[in-house]
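You will see two complexes here that share subunit A, one where it goes with subunit B and one where it goes with subunit C.
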Partner chain A sequence: MRLVLRRVAPALRSGGYGVLAAGLLILVWEGYKLIGSPDGVSVGGVRLLPRADDASMPHVGQILERFGRPEVAAAGSPTVLVAVLRAMWFSFRVALAGWFGGVVVGMLLALLMQRFRTARDALLPYVVVSQTVPLVAIAPVVVGWGGNLAVFGQPWQPWQSVAVISGYLAFFPVAVGMLRGLDSPTAAQLGLMHSCAASYWQTLIRLRLPASVGHLIPALRLAAAASVVGAIVAEISTGTRGGIGRLIIEYAQSATGDPPKPWTALLGAAALGLVAAGMVGLADLALGRFTPAKGAR
Partner chain B sequence: MRRTDRRPARRSALFGLGAALVVAGLTACSTTTGTSSASSSTSAGASASGGGALKPVKLQLQWFTQAQFAGYFAAVDQGFYKDAGLDVQILEGGVDIVPQTVLAQGQADYAIAWVPKALASREQGAGITDVAQIFQRSGTLQVSFKDKNITKAADLKGKKVGNWGFGNEFELFAGITKAGLAAGKDLTLVQQQFDMQALLKGDIDAAQAMIYNEYAQVLEAKNAATGALYKPEDFNAIDWNAEGTAMLQDAIWANTEKLSDAAYQDQTVKFIAASLEGWAFCRDNASKCRDIVVAKGSKLGASHQLWQTNEINKLIWPSPKGAGVIDQAAWDQTVKIALEAKNAEGKTVLTKAPEGLAYTNDYVNKAIELLKADGVDVNGTSFAPITVELKEGGA
Partner chain C sequence: MSSLAPSPEDPAVSMTRVEKVFDSGRSGAVTALTGVDLAVAPGEFVSLIGPSGCGKSTLLRLVADLETATAGTVAVFGKSAHQARLDQDYGIAFQSAGLLPWRTVRANVELPLELRKVPRGRRRERSDELLAMVGLADFSAARPHQLSGGMQQRVAIARALAEQPRLLLMDEPFGALDEMTRERMQSELLAICERTGCAVIFVTHSIPEAVYLSDRVVVMSPRPGRITEIVPVSLGERDEDTREDAAFFSAVTAVREALRGHPDHSAHHASSTVRGVDLR
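Then we have the complex of A and B:
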């Protein structure tokens, strides 16, 4: 219990700092609006500081107020807040599916690459290369394949394409991080296992996997961020309806006449990223006893 | 020593077996669209009152749901497609979805695309054919504040001129060239964002705008000086139809290869007929059509969508030769500009004249005959646009 408390207290403290940072950000935003030029600051035709007028940078109050009004003036239209929350929930589930798929694939790849030298030599370069392919190039291809697939008799759904793209971004940090973790036991530790005639599986379960947790947790966090970014970009790219990425670009079309509206969707996307990172924080708490620095006791 | 040598070999054999099983599993769970869509069509057909199974058809749009595509949504909503025996699924576009590519790859049965862009894809090997020219006129404007005195292309001399690039800019460049101006020398070109802030803030003198979208966005914005919304009187707009450098825009494209198949030919005629019936419905019921689009989940406001419906109607109606018929002169002008007009990078849309079956009026003419027999007005001679009052933010 005390151990848990000792882990929760810093989390609460950092949460407090998070709120403080958000407050500071609002102060900077409004402060800039107060002193900044409505035309921004340009040097030689290149704008260095943004315009401070209400169309470019709406007041925080205006953005919050926009959340409370209906998104379009039609009967039965939900408020922006409800629309943003719904979109966040949609994207969250898609990103979670992508994250989960990415983590499983990443872990399997890491295990494979750790076990077989050939697999490592053959796969690792492609794992790295996979992340240099721009997302916008993959998206139409995934959508194209998806249109011809059926999984367990169910026709392919557009959100599944988004989840695949999201997972495509998420597997990389896990594969690389986990591989490092599996490799991290020292020669002395491995020698001890060997002297006990431990099999590969025993060594894996009792030594390599616990040792990998310290490297895995940050990788999972990176994967969470990547899966959210992947889901948002993939929604925009493929035109999949329902999520926060799609909402961002739909609201962006109103930027001229209704400036606060696009910012509401952006805030929703930022909040989604925080939620995803927070979820991994919980996993960290659960797996805490394996992390070397704190788990040593 | 020998034992340890053998173990990895056995493991990798095991791994090979495992990998083979995974591959087998993957192939087992993936089937082609044929079977899945066939089963879904039977269920849809059973629920239809007519009895016979509906033919599933996919239509790929260029962009999100908005009134630019109202006719197709109306045809679904009003059951025109169903009456023609088609179960039409409308696929929304996205930033990186190229409708003509989706069509050429067989992911959709028909696609909506601008003629110059589709012709460029054709030149790169996409086997597609324009089977109905829905928009008879171009909706592209070059909008400027009244005090800049820009009413024709020649007035752009010495001005900062915004354009979108990405193949949306060629009417402007053709207009500039036609007016005897050189793009880099006589005027400054500015890459424009997809909102109109740059025009309103005075960063650019003339901004590219679609009459049914960005132009309306300007009229939905509040003029900080007066506290009221901007009015059409505050602006001048160059209309490329009047300048003679307009290019054809939204058209229904079909898969060229499949057009040799009699069943697809028949389906194409029915699809065009039902789509035109949808557009005729929108011509006569603009606000009903707006409601259909808004109900489909468009995030653009209701007054904005009504404006868009009305402006789209003006691009289609009246159609003296019949809605959807490709006018030879307009087509030739589009191809000529596509071959000659150079953009800021010195590129033309096409490098050579379109080959093969780039367009045909065979199907749209048959569709028009069908509609005439049903008493649908396919010319819209008496069409009169409505007056739309835009609200702040398009609400």
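Then we have the complex of A and C:
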């Protein structure tokens, strides 16, 4: 119990600093609006500082207030808050599916590459190269292939394309981080296992996997952020409706007449990333035993 | 324990014309050991000493079957080194304790037993015994990072003794400890050997340490690694006064001269000691 507390307390403290940082950001935003020129600052035709007018930088209060009003003027329209939350929920589920798939694939790849030298030499370069392919380029391919597939007799759903693309981004940090973690036991630790005539599986379960947790947790966090970004970008590039990515595009169209509206969707996307990273934080708490305490080797 | 009980007259370790070449057959081949003949009797304490690169750790790893000899034979209690490893006839400790940081001290000691699927009750009994022997009974629930370097090394020794081996292989286990802790650990190690009747092969850089601990000091030289001399040490029962003893100093001198490769009667040349060997 005390151990859990010791781990929760710093989390709370860093959470407190997070709130403080958000407060500072608001201060900077509003402060700039106060002193900044409505036309921004340009030097030789290049704008160095943004316009501080209400159309470009609505007041924080206006943005928050916009959450409470209906999305569109039509009767029965939900408030922006409800619309954003709904879109976040949609994107969250898709990103979660992508994250999960990416984590499974990444872990399997890492295990394979750790076990077989050949697999490592053959796969690792492609794992790295895979991340240099622009998402926009894969999106049509995934949608095209998906259109020819039927999963469990069900026709391919658009959200599944988005999840696949999101997983494509998420698997990379997991594969690389976990591989490094599996390789992390020291020569003495490995020598000991060998001297005890431990099998590959015994060494994996009692040494390599526990040793990998410290590298895996940050990788999972990166993967969570990547899967959210992947889901948002994939929604846009595949034209999938219902998620926060699509909402950002839709709301951006009303930027001129309704400046605070696009910012609501952006805040929603940012909040989604925080939620995803926070959930990995919970996993970190649960696996705390395996991550070396500060000051320990 | 081992299904094939080793017969009492088998030497603990017997090496005949052992050679080890790394990357053999390639252009970068390095001869780590050549022409090594060594026998260690049951219960005997043998130290390996020599400058860096003389192959003393490699010799130990050959006995442990962590490396395979290129030529010659390595027998442990009359079996091949490979079989001896499978039968857990030896325990091993390295310079870095190599404890698993996520396990408690007790769970670290029990690891070798766990790997052999020894039932929980017997494991606990044995770890109680071992932790008492190394003086860490009160720390069974601690994590390795909460212990000092000397205490971590004691856990590693307890772990090496878990399977009641009759041979202990130690690769500079006290190399990272301060002088005071080191001397205390040496005395404790001798007491443990007394109780368990283990034979020990002990790799070290320190001449006094080798002399204090050993029945015989094996002196090695590099390029290619080989045994140049074996210095017998007869100091009888060791205690703290042993380190002040004239016989102790003469044994230290004998080993130092063997390391230099020629007898040197002027005691003033202490600064010209072989590199890689300190006088602690």
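The definition used in the following text is that the second predicted complex is superposed on the first by the 292 of 297 C-alpha atoms of A that agree within 3 Å, B and C clash if a C-alpha of one lies under 4 Å from a C-alpha of the other, contacts with A are read in each partner's own complex, and residues count from 1 in each chain.
Just so it is clear, a residue touches a chain if its C-beta (ideal position, glycine included) is under 8 Å from a C-beta of that chain, and two chains touch if they have at least 3 such contacts.
What you see is a predicted model; the values in this text were computed from it and never measured.
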Clash or fit (per the criteria above) of subunit B with subunit C on subunit A: fit
Partner chain(s) touched by A:12 [first = subunit B, second = subunit C, both, neither]: neither
Once both complexes are placed on the shared chain, angle at subunit A toward subunit B and subunit C, C-alpha, multiple of 10 degrees: 150
First, second, both or neither for A:144, with subunit B first and subunit C second: first
Partner chain(s) touched by A:202 [first = subunit B, second = subunit C, both, neither]: second
Contacts of A:46 with subunit B and subunit C, given as first, second, both or neither: neither
First (subunit B), second (subunit C), both or neither touched by A:252: first
First, second, both or neither for A:194, with subunit B first and subunit C second: second
Larger contact residue set on subunit A - subunit B or subunit C: B
Touched partner set for A:286, first subunit B, second subunit C, both or neither: neither
Shortest CA-CA distance between subunit B and subunit C [superposed frame, angstrom]: 9
Sites on subunit A touched by subunit B in the complex: 39, 51, 53, 55-56, 71-74, 112, 115-116, 136, 139-140, 143-144, 147-153, 155, 200, 236-241, 247, 249-258, 261
Of all residues in subunit B, those that touch subunit A in their complex: 8, 11-12, 15, 29-33, 35-37, 40, 64, 92-98, 101-102, 105, 107, 194-197, 200-201, 213-214, 217-218, 220-222, 224, 291, 294-295, 297-303, 391-395
Partner subunit A, residues of subunit C touching it in the complex: 64-66, 85-86, 88, 90-92, 94-98, 100-102, 111-112, 114-116, 143-145, 159
Partner subunit C, residues of subunit A touching it in the complex: 186-189, 191-198, 202, 206-207, 210-211, 213, 289-290, 292-293, 295-297
